[in-house]
């Protein structure tokens, strides 16, 4: 007779909330009347994300110290909980952003998949053995593949979906083989057990570790595993891009740090250096490649690559301060990237064409509020004052220096210096006179009254600026969360 | 156990893995690329199973089963995509998908 | 005696497996590739069996070689001639790099395995007959790896939805076609 | 008090941005806010006890784990620099109102934002706060130059950005190293560091901002392309952030032995820059370039004074900072007024403006004469103290500096004659009017301040440092 | 008693300020009168000061009065301090008195000039600056006045700013003086670090303890300033050009007051010079050289004002000679008389120029006496005084200097000879000018202007002041008669104890010789220029050199100006534009190129993306396994 294991429902509650939302939305999409599907699904999924966030907060509160669940299938700790909060926030904002996208078919499914992807990430950040890691990864990846390709009438959307699917499966195949090797070396799947196996320099283990790092680096879109990023970000529906740019990074980076610290403490001397090098490459590639971009989504994609570099610096620090820095950085970063993509979406809808440096002209004068918000977001990505971006960089560099990586600090500084150039091009482009040829056409409806998007932008704005003034509370949260990893 | 020991299983899986890789890297038909991906996943499965045999615990086999499911899902989505693509009367050739670049 | 037989089967399976694998990536026509893959999966199932993973082997044959590949063949048939694509090409350095990278990976993994061949991989646990039996697997799925089990179902569900969504023609597409 | 002084303009900026006012009204509102800021500063001066060191402090923990806190306050000298800021910015804003720049709301908002952040720089007593304001000061400048500038504005902006940000990011790295090794980022609590790389990092940032000799690539284009009032703020005030930083951080927060090691090289670069810029100014082709190079030369002189490391020199440096700030601001504003009349500031096409334009002639003459440090003027007092101070470090420095003063006479007189004297230039039409009352109202206060200070420079030098008669290492907080 | 001093200082400033601020709201005439009044008020203040000083005993004649601290840091501070003592009082009287007369003269002279207001504002400002200079109670304030007079002279030389030459001359004057200011400033730095103060008394005390090199440096620096300001060789080239300014300006600034400031400085700072005797001798030597060279050059000049300008240089050479030898009283005495007669000469010349509608070339003049008899008289008086014919003022002052030279050793004798030669030259060039301009037959130009302009030889303001100065030029010298009485010397005694006391015999020897040579000079001039008994010697080379003023201008041009321009050009072409300016554009270009390359790598082929991943993985694995 099988004694069914005791399941900690609270630990799973955020995931379940999102799954439930997905299910309801899906049902609505199938059975509800047409006019009713979209609104209902959107509302349910938004509510699902909010609930998940609240539950995650509750979880954070109730989890003073980490507990492995179900024979280390997953871990209930504050690290995962805080990440879940950020993810839920990102998801909720993306829902608001996506509302304005006039999608006549599959609207319900769209939101269902969004919720499903969110659920996958929320689960993923808590995963703590190689199997759940792989499954969680595939869970949200597959959802994202579909979302990217959802606008089947747009060739770019299809192209993005196909590229993401193939390259992504390739990456996860490598991750999988790596996991297999690690399993072979240790005979264990759970992170803690792998570390407990106490195998220090086993070539199987190391090869597996290398492949796992690569697989996770792929999801975090760190160079040289980044090349799918610009294409996919550009081709995917903008709201999906917004969600991916924030959430995927959060999930991937948070779990990367967890795997590396929990499962491979003995190999620290290897993976810190590897991560550091990857970070530098990402900084260089992301920033330099962005210099010549004219398509804003593409430019922001490259900038997200460079930001992955920044956050990997925090990972490479491999210290409690590093974890703190990573979690802090993720909060304003998510807000800024979602916000900026939201603004791009708004512009795109009123022009009916992809947004480039040229047709961003005069945006600040036509849409002062959105333009000003875009300003703040870009300044934040630059790491300028009055945005959390500055404090985030500050923490990351501090962590790097504290761990003795002074050359990472230098690299980060240089990267930032380069990045200013292209951000500034966008900033100044918004000030230039509007080109009469680019009067808002009645494509997405001109100008679309989209209060939800605007409110999303303002929420992101609030986080971006608030995280600058109220560092202490955020840092306290981050400290508690980072405390649950073994540094 | 009878027959060759685990090492040889692993060699085979390694060979399969690189064959799959080659397929992904070389072939231009998305269908065949998908098939090659399947081969990669299966090579991993082989490794998992032989390791689980080696250590004598079931985790590897469980993992393998899960991977099977995942592989199936990937195939489903992939085929759906391919169908959608062909619906748009686009040539089924991954090298033709380069509107997005630079 | 039996050992020799096992050896023979193993070698045959392995050879078939590798051969069919090569066939998959080298056939010009996806249809044949798909068929080759079925063979590949089947021969893999044999290897699984030899590695005392009965249930996995069975699943491999039923689920994989059965269901999935059939779906594959359906799609290929549906696409008809447009499924064919030139063998390879594009920029030559990509092909060259591909070969180099793949062989590099192969060599590395083999070397890694070889390094361990002596100690770790030599002494395998001896297991009782029930090892890998459906009952065992099922028990694990319901206890230790409950989550994994559930998640696979979720993943499959999502994939199914995706298949449906991507498979159906949207109104936007229809308009485009109408315009064309 | 200090917080109010910093945030009044920032809040004003928000107000100007948000209120849907017509251009003129927005400008007037901005001007009023700027004047209120000046009044507030006057109150601060009244409250300030020049016998004491750091005052008007506001302290508020920001994030404790790294020991960063919002800590602002004023010393005597920084209070003067802040005063310079508010006055010059008020003049600039009112001038912008008078010339009625397009998109006035954005423009004036940016100017106010600039004002607030500069004041913040001079008030900052925490390294990160300093960095924050230092950057916040640059953002509006980028826009003001890049959007409202001349034809080659983008080029100028890019240069400016690349230089300044390279500098200030180096400073960020230095700040992090300094703060983490000191355990706090508070400038008052932290001790002196002895890490020369950190020192060089700070030095680079301030050398770019000043600018010092090899780091001035952005100077001419930025000063030539930006709107006159922005150039006025840029050269008059923003460059002084470097002075404050050099003194408050590079000198006060590093081991005397370390500073002493670097002193000769810094002095050498400052001197080279002084002569170099003076000669280039002497050959420059238009008013703006002359003013640009001259202010570079002045910064070299000020740095000489700072790194004389004795009270004469440092005190003179701060006096000269205020003097030069007022002078170059006025000169750039005048250049702007010239351009509105003649459409150019090139000497080749100017000349003869003195005839029939007494106000313009008088104002330009007085400012120019003060700029060349005619004995008895405030800038003369400043340069005299600086050179007297640097003389103690070696008569050679003082000799070169004195020579540079002669060069200053040469290029300033060239500027004055090029604009006012000789036969009328082709760009000068009869319709080119004398200064309008509004323009006089903008310029005369600056002029009055200069004349007052010329009558008694001591009113500043007596109040820079609490401990009179001590050597600067004590005067330095 | 110091109120007088303050009134004297501030009245002109107030005048200048009023005119500037009132602008168009007062008429040009009233501006002129405001200025004149302000200067005469200053004169009254000076008189009051003088009288109150007289009332006191010898030793209470030095009063300091401080308005406020001007500049201070640490333990070093400088007040806005005035020093009222006999020397200052004398200068105040000369400056405000002669100044008053000249400003009054300008009222007529500048009548009708469109920018009269500016002119009179400048004039008052100059008087203020000059008074600040002579009343300064410490070196820094003295330097302030020193610079401000330079500024005023710049403004007034370039008053007619449409004239390119005028502007150029003004710049030249200012820059050369700026050089002098710089050397003085350097001297002050030494003083500050050696004595800790710039107060006269304190500095002089502290100087006792200074090393001789430091002292030499200080004295040299001061001398540099004095030489520049007083247009002594080698810093003299600006003065002749300065004649581009209106004639009253030349009279006031470049004859009577400012250019003599160098002499005043040496007397004021005589303790420092006495501690650095070599430098003091240098001063005397420079004076001697200047008086000869200037005299020679004056022989060939054809511009009436330039001739007088060179004579000014040479007369100041006498003064330097005197104070350089320590005959401070004599130097100051000559300064005063020279102020009288040289101002007189300039203003008389001004009358002529004014009458001839601005013509200054003496070759176009002649027989002016016929049309301007009174001017002729005045000019005659001035010339005689200049040559030093008894009993006119120049006689007494110049001879006391020569006597002092005679009385001070072999070096003195050498200088004495130079002085005598100078007297000869003075005679020649002065009367060359006089004969050519006034005697002989009226030239066409003169006849053409014979009718005059309705007001005889000039408006009353001009004639009156000329008349007053003529009287002074005659009687000015009688307050110091060698061997008879010397109140002037005693008056200055407290301030500057002279180093030499020539005996009466030495006095008489000097007088006889000097007068003889002066008369001789007049004779020679008569021979060549009036009686035309002899042709001028055709020493073309010499004449050429003299007409080019010994090529000083060309020399400085080649030495300083051109190199500066050249270096600046080089720097701009080879450093500023390519290196400093180009660097950034190079960097950004490179960055963009790299970006383009990366864009190329992003081919769009998803197979390359996969390839990138595969390669990276391969590398990672190798590294990990290899390093472990």
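The letters A, B, C, D and E name the chains in turn, as written, and every chain counts its residues from 1.
Just so we're on the same page, a contact is a pair of C-beta atoms (placed from the backbone, for glycine too) under 8 Å apart; a residue touches a chain by one contact, two chains touch by 3 or more.
The structure displayed is predicted, hence computed values, not measured ones.
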Response to the item:
In contact with subunit C as well as subunit E, sorted by label, we have A, B
Discussion item. Applying the touch definition from the top, give me the chains sitting in contact with each of subunit A and subunit D.
Written reply: E
Practice prompt. Out of every possible chain pairing, name the one holding the most C-beta contact pairs.
Written response: B-C
Practice prompt. Just grab the chain with the largest centre-to-centre distance to subunit D, centres being mean Cα coordinates.
Written response: C
Worksheet item: In angstrom, rounded to a whole number, how far apart do the mean CA points of subunit D and subunit E lie?
Response: 36
Response to the item:
Distance between the CA centroids of subunit A and subunit E (whole Å) is 78
Fill in: Distance between chain centroids, defined by C-alpha means - subunit B, subunit E (Å)
98
Fill in: Centre distance in Å when subunit A and subunit C are each reduced to the mean of their C-alpha atoms
30
Worksheet, complete the sentence: Where subunit B touches two or more other chains at once, the residues are 10, 17, 20-21, 24-26, 28, 30, 50, 52, 54-55, 57, 59, 62-63, 66, 70, 73-74, 77, 80-81, 84, 87-88, 94-95, 97-102
Item to complete: Could you tell me which residues belong to subunit C and also touch two or more other chains?
Response: 90, 94, 97-98, 101-102, 105, 108-109, 111-113, 120, 144-145, 148, 151-152, 155, 158-159, 162, 165-166, 169, 173
Response to the item:
Residues of subunit A that touch two or more other chains sit at 131, 135, 138, 142, 145-146, 149, 152-153, 161-163, 166, 170, 181, 203, 207, 230-231, 292-293, 421
Worksheet entry | Interchain contacts, given as pairs of chains that touch | A-B, A-C, A-D, A-E, B-C, B-E, C-E, D-E
Item to complete: Please name which positions on subunit A make contact with subunit E in the complex.
Response: 162-163, 166-167, 170-171, 174, 201, 203, 206-207, 209-211, 213-214, 218, 224-225, 227-228, 230-231, 267, 270, 274, 285, 288-293, 418, 421
Practice prompt. Within their complex, state which residues of subunit B touch subunit C.
Written response: 1-12, 14-23, 25-32, 35-36, 38-39, 42, 45-46, 49-50, 52-59, 61-66, 68-77, 79-84, 86-88, 91-93, 95
Worksheet item: Which residues, counting only subunit E, touch subunit C once they are in their complex?
Response: 603, 605, 607-608, 611, 614-615, 617-618, 621-622, 625
Item to complete: Going by the contact rule at the top, pick out the subunit C residues touching subunit E in the complex.
Response: 90-91, 94, 97-98, 101-102, 104-105, 108-109, 111-112
Response to the item:
Seen from subunit B, its contact residues with subunit E in the complex are 21, 24-26, 28, 94-95, 97-102
